[in-house]
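Letters A, B, C, D and E mark the chains as written, and numbering starts fresh at 1 in each.
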């Protein structure tokens, strides 16, 4: 199943999906006001800024571009690694569904218990990464006694995987599978653990704060100094040029911030709900269930959560 | 077997394979018209643009180059990762063919069933990634009852792999292979699942829309401002320089868009049909079939789909 | 469980968490003094610096930006690899907890011995990477005879893992697990070893000293030459521009130094204590202990150690 | 055994090994002729080019540098990945030699059959990647009936690996090895398959043609425009500066082309013949053969094929 | 155990550890002489260089910075990959020590034979990568008959691993371990092989010579042209600026050369002897030996070999 969150570019220009402008509007206004002010001052006092050449500002801007470029690339890498980890989760769920179906063809209850816990794991991980109630997301997918015990746990997702492993170990104890198959099936649980641990690492460990602070302050200082440097040479065009540059620089900075924690509910974050729903659909289809929920679709503004 | 889609460079210059020009021709015309207009205005009103120095525009262009460079490199990485995942699919198909031939030397029907499903998996994955009918591509390769059940499935490719696993589990139940060999053969199916999941991740998760929008708008604004900055100093050469720059910038932008989703049918996309055909040929050769289809060859314009 | 070390940006601006300014204040003062001096000299002797154009300094600064950019990106990669290795440690601890619980459900003493050693391994690794007393951190988690033998060991962490392996081998000798499960459980110990070895590699192998020296010296030379190049054209604005640039360049350099060894106790280092505590909490929860310690929280300056 | 293809730098300067100059000499002549022509014209008509400032050309050149930098880095990555894949092949051959020697100490014929096929695999892969006759390279290493059947095969290398797997499966059927050892030994064959598949992927999938075309055309346009931009300011030095720049840009472009397909016989391509010979020597040494061929050495121009 | 080769920065400035200056002193002198000469000529003939603007030189320098940046980053990546491979060797040695101790608790002779061979492997690999006598480094660690047979071997390190595997296969033949444990222990030998093969790949395959030649020549040409471009505008400051730039460019180039082959004995190379000693200490500690050698410490100039 394929989700296609990107429609035609034209429609999107109007739908404003994910545009960064609203969130940097305040900053742009400050810069626009300052540069307009300076342009007016330059017009009324023609020789006020003549002595300021553009070269030093050009150099500052290029240095900032290089550093912003690295920040953009770093934060994008985090975003993509998060997506890759969810791909690992999806692949592990598919592997487990395939193996459970092949190895326990006549034990529907066991298969359902295993796969429902994994569907709940995906829902719960999405909730955890978004700072929502993990237990509430996980509970509907667990057998009653396990669901009841969730409330007091620090890490309910791992508890769900431990319950899966206990089921598998019971099969081994009864001789239905040997050690090799236990290890194989348990390996899929390890893949789920790896996805959870990796996502938590991205969520818990933002890029170093001093790095963000340094770039953010430099971007501010640069955008505020820029009109001083350009007004002498660009005259009336100063506000236009300054606003375009501020738009690019503040926009990249803001976007890097958004991608740095890719698990939120902003337009450019990962569609965790849609991915968790996809896992649910595939696992229930593998169980042979007939009534499957619909996959999530982008909304009218083409945003998929 | 080696496919060689790149002929001599000279032939290609005429064949225009994959040239990006036709798709950015509209944009180039807009920019050319504007810069010609400004040049004419500058010639007729000599002092109109004299006061605009090139330095700020130079700086804008360099900042844009840095950001475009990162976008190009990001989208190329997606394209190459997609190719790598197809390589993983091919290697898994070869491994399965080798193991099936060695372990089930006297069970031609089982081997044929397993390998045909994998050949169908490759065809179906190509269809899915190109938004075509997966079930239609997969059906001819499946036994009749499985083919009949395809229509109602959300994820037919995984169903084909589940059928393979069921065959292997049956072998284990009959004692023909032990747990270790089941896990080994099932591991090849996991590799196929990994390839599918990875490709879907690339297909479903475009780079953040705001990133694209920011760069695209900045490229437009820059290319439209460029002639204002250069006409005062370059005079008649302005349209030439501006068009060359617009060609490079819009060209890189358009190419990054094309590489971002590497599964289409454009000239620079991955040749999925040729790769799926290659898998088919190798699997049928491993089955000992005598009449094999020909590998796909680039067409007269050197395009391989 | 999720640790969130980054509070709102506004609060942090005041809390000064991780700001790099205090540590580069001395360097900034030197540069500020020099550029003020030159500005004063330029004002009193107007034609002293006129003949020095900014272009060569611009070029030097850009070259330095490019090299600093690579250093930043290299050191950030080390920091992130260190975090990834701790993620591997956490995942291995979770896997071991799950498998021990499922495979030895009735052997609480064995399970407790295994998991306590792993909790101690995490504490000890944090201590080792910070140059503190490994044996002291590890000892409380070991059975008495093992704790007593620690003092004379060169690598106490590996000794703890060897004790785990001996326990597992004893289980195998008694027939409670077969070779396959021994290998599976021992594999988790290999993952812990891999995390330790990788972290030691980062700690023991700083980036080449000549590389650091070259960049550091170039940054100094550049920041000291900068006012000479700018004072002729920027006049009174020289100290402002020079200090902003020195702030960015010295700041990035200092931050790269801090990230290069990510295991210290500076504000931007990895929160090893908090991670080791998290491992402890999860392992004790998996053992069914009721009274768990609290996770560590960032302090009033939002610093998490 | 270590091959050292790089002699002292001084000797190489004379030996001209791998110098890119001969292959871009034509392009350099065109650029040199044009810039000389323009310089002469500028000298005879002093005010012809005065009005063309260098700034726009500087900017074009920097943008091109950034894009060329990414292409260089991309093509180098392909070259290095190809080397890494051959390293994987070598490691797999060593693993197989070690395991075959340890597990089949008294079955010299079987060991020889297995390892000779792998030596032939390395020779055949080198031939395939260079567009030479695979079957001819592989045939001498196979038992007679297999060698005779090669001619009609599409993928002879995989057929050799399938023959290895059939030998191993026969050992398992006879009870000499169990499933676990079959899987272990077959895993080495999978590593060989992975190396072959990866190398084929690099060979068959050049970087997108439009990307090459765009950079190549931009480099040409830039180098042809460059003298127009510089002649007004550099005067007689124009041809020198332009030729140096054209040398760097065309040189990097040509080198990237050479590294893109790292399997040719150019001076900077990978020394596949030497690597395949090394595999042969090591495998025959592991078989206990006394007369081993010599490793290949760089020729008088320090080129190793 | 942690080795700390980096002392306080202040001490190092005096100790000159790893400073690149001595090795580029000759080149710096050439450039210094030329720029001094030109400055003197400019002073005595004031209008000699006036007509040469700095812009083209600025552009050349930036292009060179970009290309040098990529070369630096490429060579650093090789250096770090080499360190990572040695980390893999260390982890494999620790895994083998742990498993051997747990699985063969009562067979001290076998354990000692296995681990001593691995200690010798580390010493021998260090020797091989530094072009020293492998057999001499390996011999003391082998049983007498194996040591005697070393002289005639092409790849003595692999022979040592084959002897380990033969020991393990003998254990399996005697029934002390099953196939699973053989594969597990043999897997550690595969990791050692992987480390050896990877290091040999780095050692044997320098970056393409044409790439080095192109950058080296461009750096020379640029540094020699630089004073011509700057003397007209910088006057007396020319030699200072040119020498700083030449120091940075030649320094980065030389450092990249040093990191490209990270196995030498230069100050910035990897401390292979210290790493091999560390492996020796850990393996002997795991064997229970009481008298362990001391770890290697940096010398008075803070250099660790």
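The working rule: a residue touches a chain if its C-beta (ideal position, glycine included) is under 8 Å from a C-beta of that chain, and two chains touch if they have at least 3 such contacts.
Each chain and its UniProt protein: A, B, C, D, E = Bestrophin.
What you see is a predicted model; the values in this text were computed from it and never measured.
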Length of the shortest touching-chain route, subunit C through to subunit D: 2
Chains contacting each of subunit A and subunit E, listed by label: C
Subunit A-subunit C separation of Cα centroids, rounded to whole Å: 23
Computed distance of Cα centres, subunit D from subunit A, in Å: 38
Residues within subunit E bordering two or more other chains: 55, 58, 62, 66, 69, 178, 180
Running round the ring (origin subunit B, first step to subunit D), the chains in order: B, D, E, C, A
Subunit E residues touching subunit D - in the complex, by the definition given at the top: 51-53, 55-56, 58-60, 62-64, 66-67, 69-70, 74, 128-129, 131, 153-155, 158, 161-162, 165-166, 168-169, 178-180, 182-183, 186, 189-190, 193-194, 197-198, 200-201, 203-211, 213-214, 217-218, 221-222, 225, 228
Of subunit A, residues touching subunit B in the complex: 1-6, 9, 12-13, 17-20, 54-55, 57-58, 61-62, 65-66, 69, 72-73, 76, 79, 83-84, 86-88, 90-91, 94-95, 97-99, 101-103, 105, 177-181, 184, 230, 233-235, 237, 240-241, 244-245, 247-249, 251-252, 255, 258-259, 267-268, 270, 281-282, 285-286, 292, 302
